[in-house]
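I'd like to ask you about the structure that follows.
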Amino acid sequence: MSTRTSAVLAALLLSPSLLAGCGGGGQIGDSGGSADAKKMVLIPGVAAEPFYTSMECGFREAAAAAGYEVDVQAPARFESTLQTPIVTGVLADKPGAVLIAPTDDKAMAGPMKQLKDAGIKVVEVDTKLQDTSVAVSSVSSDNEQGGRLAARTLAELVGGGTGSVLVLNTKAGTSTTDARAKGFEEEVGKYPNLKYVGQQYTDNEPDQAASKVTATLAANPDLIGVFATNLNTGEGAATGLRNAGRTGAVNLVGFDASPKQVEDLRSGVVQALIAQDPATIGRTGVEQAVAAIEGKPVNRDVETDLVALTKADMEANSKYFYKQRC
Amino acid sequence: MGEPLLEARDLVKTYGSVEALRGASFTAYAGEVVALIGDNGAGKSTLVKCLSGVEQPDSGSVLLDGEPVRLDSPTAARALGVETVYQDLAVAPDLDPAANLFLGRELRKPGPLGWFGVLDDKEMRRRAAESFRDLGVSLQSVDVPIGALSGGQRQSVAVARSVVWASRLVFMDEPTAALGVVQRERVLDVVRRVRDQGMAVVLISHNMPEVLAVSDRVEVLRLGRRVARFTTARTTVEELVGAMTGALSQEGA
Amino acid sequence: MTSLARRLASANTLWIGLVLLGLIAVFGALRPDAVLTVFTLQTTLVETSVLLVLSVGMTYVIITSGIDLSVGSVLVFSGVTSAMTMNALNGGDATGAGWGTVLVGLAVALLSGAAWGLLNGLLVARAGIPPLIVTLGSFGAALGAGQLLSDGSNVSGVPDVLGEGLGTGTWFGVPNLVLLAAAVTAVGALVLGTTRFGRHTYAIGSNEEAARRAGIGVTGHLVRVYLLAGVLAGLAGFMALAYFRVASVTGHDTDNLNAIAGVVLGGTSLFGGVGSVVGTVLGVFIPAVLRKGFVIVGVNVYWQPIAVALVLVAAVWFDQSRRKARNQR
């Protein structure tokens, strides 16, 4: 409650100053002393998550190489009420650019607009606002391409085999996992030996994912592959297959490559992982920010590729494993 | 009439600046129905609370069989054979009559099962049916939740519950309030039967005809004190009302 | 009639049982080859075991006319503490650990659950704060505490002996997880239906004041009921650990609502005083059978929550109109 209150207070305090700023040419950041254009701040969606930690690694590396001072400030939970005070705090510091993964596509628009109005270059990484006028660039994974890659990987794993394939989605209306499912569905149609039996929603609950997998197995004993669109569905699917005694016989393709998932890939619980490339997202974000600061042309939308990891090639691709620290 | 069963002497009870009892006395004998009457705020409820262990008086003494006793909880009063029927029933509507009768005093099965707290429902039903029969309470079924019974039957069960466990004295706070004529008669029948078994019944009531119909004696409270005592056979509604309003008072009551 | 048969017939348990049989019959008629199989029976039972254990505790709480929103979070917390303790005992990874470690893990899970249950009980019974508020608080706090301990990520390293023994092991073809849940449910049903503890639980939910006047230690009893719900949530956390082989910090957000829905579907009244564990078993399986059946039969995924909601609302409506009819006498 206190964070919510402080966020509201901050918004209340800031809005009149913003109005004043329009008339008098002043900005909030102005009072904090001179702008530090050679500084860059990353605001991930949540602290201590391997995906964002890996992004941070790429960010730190690229920014240091470009001669920028860096700072990383993450909210404790994936919540706009916790991220907003961080944004307003960074605003006072007035760095040259901010890379941010907005935790809400609408609620974060206000605070982020303040950054822009203070002359700070905003680059969206991983997630983005609905309002496309705030950021100079958005760098994110091409989730549809990830879904297509999952279908191709599954087809390779199956080889010449024939059977049904299932997609486990999270909640209806989740843009990222919907895009992954969509890409998968488009691509899997190209393989006549794979019979797509549709997607099932799981409310992002592992137990529901497990139940849907065993129910699909009961209805379609020829099930040969499952694409789990995120961590929880992957865990649930692995549990359901183990319960049915079909671990390994049914090819499970997961999404993301956090340490536990990599471990499951190694031990054969999961046959493939579609890994995002958070480090590249971080690096590309820095490139775009530098270009914006220096007044060079900027790519408004950058989509980074995803990679497929299988047990056979995983050690060669270990740079794609998400890191818990740099 | 011999030795009083229960006697309260000069009880004082104050709630903040309000003096609910200002030296109230009260007497009940075995084998009688004594009515406790008084206007609203006369201190009837407070007196009953002090005598049934719900509240403790600030000063004064309570004697049972001539011996001073301390009633510091309802459980202590119950252990001495003193039970109370509350005005607002206080039954569990979702439990059957037998379960209500034995609430808080459940019988356990003999042997190892009983050590685990397993209840002897059969025995409780049998004894409950017996008690209801003795008290003239007629129920179509002892298997239905009490909430499904009529108001009179529910009240009869509430009365029966106190009576069955009382060995000495029962307080009944307005037991017939909100009952119809037939149901009221049924409850008053139970009251008479209990008296005939040799217990003392203290009836708190606003209903003067009912008081005259069922009680043997009447004690009147006014402004936290006992102001009059009557033998029912030799009194009238006018006398009782006079004592309650202060128009009439007796020396040394 | 025996007490059990009477209770079955009198409550809406009988109707719920018929609804469940009807659902199985319909799905069975549509896809007999997929529905009426040992495989489907086994997996449905296993997948419902954890929720069933949560729901047994919830049944007691709701019969006292209380509610416990914290069970899912307590499950997460207990799973995290248990998994982390087992890892710590084995140098950070308990995958290869033995039964000694597993027993310590079980004890930690039960104690963690008990601690939250005790806290809930004391705040509800002693401090007199409404259970909805108390357990809404512990719902957030237990989840937060679990995430704090695990640094917000899932805890792996569950011993293989636990995963293979309790998680996927069977005994004469019956999954061990199901046996454990069945044992807990049977004890829960017997204690509620036949003992003094159970009788007092009903009495408090039916009329708390009457119970107090009858000399029942209402405060102590309520604390014990919430404690029971907490311990069972701890056990459920341990079972989930064996089943998923990971302590998941997300993905149990709606366990509390699923448990409440199962209990209420089973004829236990949110007003307290009425209910049974037998009903809860039926109530928990209705959504499970619906979900599974819809996937097998191939019904549009969006219909599923609608159907579950319809059955739930109908059950509560039936309960209320039954009470209204009775109170009008």
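Observations, loosely collected:
For clarity, chains are labelled A, B and C in written order, and residue numbers in each chain start from 1.
One rule holds in what follows: a residue touches a chain if its C-beta (ideal position, glycine included) is under 8 Å from a C-beta of that chain, and two chains touch if they have at least 3 such contacts.
Since this is a predicted model, take the numbers as computed values, not measurements.
Arrangement of the chains shown, judged by which pairs touch: a linear chain-to-chain path with two open ends. The most centrally placed chain, judged by C-alpha centroids, is C.
Rounded to a whole number, the gap between the C-alpha centres of chain A and chain B is 72 angstrom.
Separation between the centroids of chain A and chain C, computed from CA atoms only, is 34 Å. Chain C has its Cα centroid 44 Å from the Cα centroid of chain B.
Shown for chain A are the residues that touch two or more other chains, of which there are none.
The part of chain A that touches chain C in the complex is made up of residues 46-50, 76-77, 172, 197-201, 203-208, 210-212, 214-219, 231-232, 235-236, 239-240, 242-244, 258, 260, 263.
Per the touch definition, chain C reaches chain B in the complex via residues 3, 6, 191, 194-197, 199, 202-203, 205-207, 209-211, 213-216, 273-274, 326-327, 329. Chain C contributes residues 31, 34-35, 37, 39-40, 43-44, 46-47, 50-51, 147, 151-154, 156, 167-168, 240, 243-246, 248, 250-254, 288, 291-293, 295-298, 301-302 to its touches with chain A in the complex.
Those residues of chain B that touch chain C in the shared complex are 74-75, 78, 84, 86, 88-95, 99, 103-106, 108, 116-119, 121, 143, 145, 147-150.
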